[in-house]
Structure formats: structure tokens, C-alpha cells
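When the chains are written out, they are named A, B and C in that same order, and each has its own residue count from 1.
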């Protein structure tokens, strides 16, 4: 059942993405100031929003684990974070490339990029810590705590960076293109839906992996106890 | 509640007593702070006025690096002889155990900071005495944020392999908003331009409030598996 | 009413059930010897009884109340695998600290009396790290009994004790039983346990397969219970 859902979501998402790419690169005209490169927006922004959605899913699942102690929540949390990290990386790389091509800079500490990078670093710690805890229940509990702490930190990061940029007269977000043309909204939204479908398929694949790991771990303990 | 606070004080006193006896973490932390200050002197070749612009930033980098040595040890002290089990099994509420350890780490880190500040002023010819009391205020607020989160992570990483490596990886990114606020306030105070630091101070206070409540609430999940 | 009871307790570590519906009742004044092979779940069960770990399913009650209640925890003494004393504090300081945490009324008098009881008065101001193994064990025992607990949870208490420490522990346990305390003790030292035990429970792969009074057969042949359950068809 879950395998079927994985295939359906994956194929649907890929097809939608392919169709959307066609619309974006063949049908739509280039952006007024940046030409075709401005279309980096269609990957850069949906990737960020998809990532944030999945971080939110992870935090809800982490809270769910602490309340119910059901390992399905822990599996969902780690899977969602891994998927979110992938999309955050896509966002950061596309942002960096975009900045380099248009403005000649690989990086800038503007609010969006910085807060996205901070998310990545906070949850990187989560992923690094997990293999270092041998016992499954402890691992799940500590991971949940960490995910909640990281989520609580994000709004504070945004506040702090915003203040810092104002104080230090840092340039405003460089990677904005000004207003987004009205014709760009539908492909932007469709792109977001496509990414969510693909991300959900990846999540289900990862969930299956986690389930198998737990089963193997349990069998190993049974064997040792026998 | 009253019993809990009393228990927290007993735990804080125990931690401080054992640390003052051995001075292992204090000595290592203060030495490390002095070495880092020395390295900064070699790394940056700025004029005196320019140095004031980065003074707060450098100072808090020293504090947070040296502080890692203090907060790392917090719950690790309880691991030998399974003392943590005895403490958790006692009538003391988990938040009281946690609070006691935070208080002890806070005192120790404040000592390191108060020793480092004059050394910093000496090495870099920074005038720090004029703004000492307001600076002390922000040091206490930000140090509370460092210790409350650090001790929480120390509890999380008690059974984690490579915990000495893991704690900085987990702790430092979390501290960034706190450090941004503290650095800017410190710089402003040291430059004598402290009229407009309300918002930065607010970030530090909000950080303290958010993570103090979160840590005190979640500590039971960490300690009672 | 039992002094301490575990009712159909399950404990999962990941997907592995270390305890599978273990039910144990210790009436007030009983001394329960909890037997079982390594990996049977004895330590897991004791830790749950001591509120060091929460059960995945089931409940633990102490004098009819939840084991996580603070007032209830003040009536329990726990001696686990580790000795639970601080190496950098003196014997006296250790007992003062734990006396304060266990809400003992006159901690100084209690600490001195406890040191006297275990024969450590002479070294009361010595640091625990300077003690011999036997002395550290005796200090651990003093710590566990300091607040005259009504319930004692002991995880393999006789393991690695020297003769003097065994004698001290035996005496303290006898006294506690005479005062009406309830003891749950996991052990491999079946002989010592059988002498004190009034009840015996056997834990096998997370389940209590036998629980009942100590019988003359058990006293005469401490391994009898193990063999009885090994012979049972699977």
C-alpha cells in the first residue's frame, strides 16, 4: 500500500515538474532585468517553502513522539528532516549560483539566505547526533527534544539577523527581483506542488527504511537475549 | 516548589564544591580564554578605534568557546558511579536537578568571563571599566542563555558517543541569535554608544525566557527515559 | 495493598520488548528475590520501579500511588549497579548531600549514624575516591539506607562485595525487614538472597514466569527454580 503511494506520488510529482519546466523555459518570456537566469526563482523559492513545510512536519512529529512514544512519529520526524535538508541545500545552492551569475557574489548574509542556512545547520546537528546514540528509545527522545529546540530558535534567528542587517547597513535581500510578474504565479505554485509531491515520495521511501532498521534492531536484540 | 528550589541549591553547591576542589574545568577554561585572546591579538592588526568596532564580537567568541568547557562537564559529572540514577530516583523534581546544575555552570562561567574581561582590556587597550555595570548586566543575561541551553544539551548528550565533539555542533548554532544580540550590546557599551540597544537586549531576554521555559519543561523527558 | 506493584508492565527499547507484561506484587514487609538470567529484564524492571524509566505500557504503584509521586520516592531507597556516590566529596559530605535530597530531618545526625553503622566513621572526612572497593560499597549501602526507606530496590547488591560489606549489607537488610520494610532485590547470588527472601520471582525474557513464597526446596537448593523452568517445554 505504502509502496504504491510512493510510486504514485513520485511519478505524479516528476511529471508535473517536467510539464512545469516546459512552461517555464519554453513558454514564459525571460525576466525583465535578469533574463532567463531570473527563472532560477522557480526552483529557489518552492524549494525553500517545501523545506519549511517538512521542518514543520518534523517538529509536529517530534512532539507526537514525546507524547505517545510511538516510533512511527520518530521515523516520520527524521525522514521529514532529511527531505527538508535536501531541499534547503537546493535552495542554498541555487541562491548562491543565482547571486554569482547576476551580482557576482557567491554569498550574502541577507535575511532569507542566512535564516535558511541557520535552519540547515541546526538540523544538521540533529542528523549528526542520531547515529551517535545506540539505543533507539533514547535516540528518538533526544532527537525530538533537539528538533523542538531548533524550531524554537528559528524565529529568534530571523529577529536577530533582521536587526543585525539594519544596524550594519547590510544591503536588503539581494536576491529579490522586485515584484513577481502576474504570469509567473501559476508556474510558481505548480512548481511548489510538484516539489511537495516529490518530497512526499522521498519521505515514504525513508519511512520504509526506518521501519526496516527498527525491525532488524529488534531481531538482533531477540537473538542476543535468546 | 520551595523544596525543589532548595534541592536545586544543594545540587548547585555540590557542583561548585567539587569544581573548586579540583578546579579542572575552571583552569582549563580560563587558560583557553587567555590563549584565544592572544590569538585574536595576532589575527587582527587593527587600529585602536577600529578594534572597538569588533570588541563585543571578539569578547563573546572568547566567552562562548571557553564556556563550552564548563557546560560540557555539567551532566558528565553525574556519570561516574551512576550518580545520575540516584539523583533522578530521589524525591527531587527533575527541573530542580537541572536548575541546580545551570546555577553552578552559570557561576563558573561568570568567573571565567570576569577574569577574561580585564585580560581582554589589557591585551587590546580596551577601556571596559567605564561601562562595567551595564556590561555586567548583559553578561549575566547572555551567560544565562548560554548555560541554560548548554546544560540542557549536556543532559541530552550524556549517553551520546563523541559527546565532546557533539555538544559544540549542537549548541553553537542554537546560540547565534543570543550571541548576535549580546555582541552588539557589548560593542555599543564598550564604544560608549549605548543609547540605542533596546532591541538587541530584547532578543537576549526573549531567548532566555523561551529556552528557560522550554528546557525546564522538557528536562523530565531527557532524564526519565 | 501491596507496598510496591508492577501491573502488566511492558518496556520497549525501539521495537524490542525488554519487558512483556511483567506483573509483580510485593506485599508490605516482604523480601522479594528477583531471579533471572542475564538479559531477562531484571535491571529494566527495577529501574521502572525506581522511576528511573517509564513503562511503555502498564503501571507501577507504590503504596497505592503512582511511582512518580515525589512523596512516594522519598520512601524508596535504590542501590543500582553503580555505587551512586561522588568521588570528589568526603564520605560525610556525600551522606549530607543525599540526606538533604531525601528530606532526612537531621542530616548530620543521620549521616554520622549511617557511617557508624557501616564502619566508616574513622574515614568520614576521606574522599570517596581514596577508598578501597569494599569501603566504597559500604558507603553506597549507607547512602541507600540513610533515610530509613520503607521500600528498598537493590540491583545485584551482593555482586563484587567483600566479606565485610556482605555482612554489613545482610545486617542492614535484616534490620530493615524487622522494621517492616519491603525489599525487591535482583541477584545472581542466589544463596545470600534465599536466606533473606520471603518471596521469589523468576523473570524470563521479560515475563514473570513464577512468583510465590520461598519454599524449603528453594532454600535447600537455590538453583532449583532455574532448573524447574528450564525443564518446562517451550
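The rule is short, and it goes like this: a residue touches a chain if its C-beta (ideal position, glycine included) is under 8 Å from a C-beta of that chain, and two chains touch if they have at least 3 such contacts.
Everything numeric here is computed off the predicted structure, so don't read it as measured data.
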item: Contact-richer chain pair [A-C vs B-C]; value: B-C
item: Closest chain to global C-alpha mean, per-chain Cα centroids; value: B
item: Greatest separation from subunit C - chain, by CA centre; value: A
item: Centre distance in Å when subunit A and subunit B are each reduced to the mean of their C-alpha atoms; value: 31
item: Inter-chain centre distance, subunit A versus subunit C - centres from mean C-alpha coordinates, in Å; value: 49
item: Subunit B and subunit C, separation of their C-alpha mean positions in angstrom; value: 38
item: Touching two or more other chains - residues of subunit A; value: 135, 137
item: Sites on subunit B at which at least two other chains make contact; value: 225
item: Of subunit B, residues touching subunit A in the complex; value: 149, 152, 156-157, 159-163, 166, 169-170, 173-174, 176-178, 180-181, 184, 199-200, 203, 206-207, 210-211, 214, 218, 221-222, 225
item: Residue numbers on subunit C that touch subunit A, as the complex places them; value: 12-16, 39, 56, 205
item: Residues on subunit B engaged by subunit C in the complex (per definition of touch); value: 3, 6-7, 10-11, 14, 17-18, 21-22, 80-83, 85-93, 224-225
item: Of subunit C, residues touching subunit B in the complex; value: 47, 50-54, 68, 70-71, 73-74, 76, 78, 80-89, 93, 97-98, 100-103, 143
item: Residue numbers on subunit A that touch subunit C, as the complex places them; value: 69, 71, 135-137, 214-215, 217-218, 221-222, 224-225
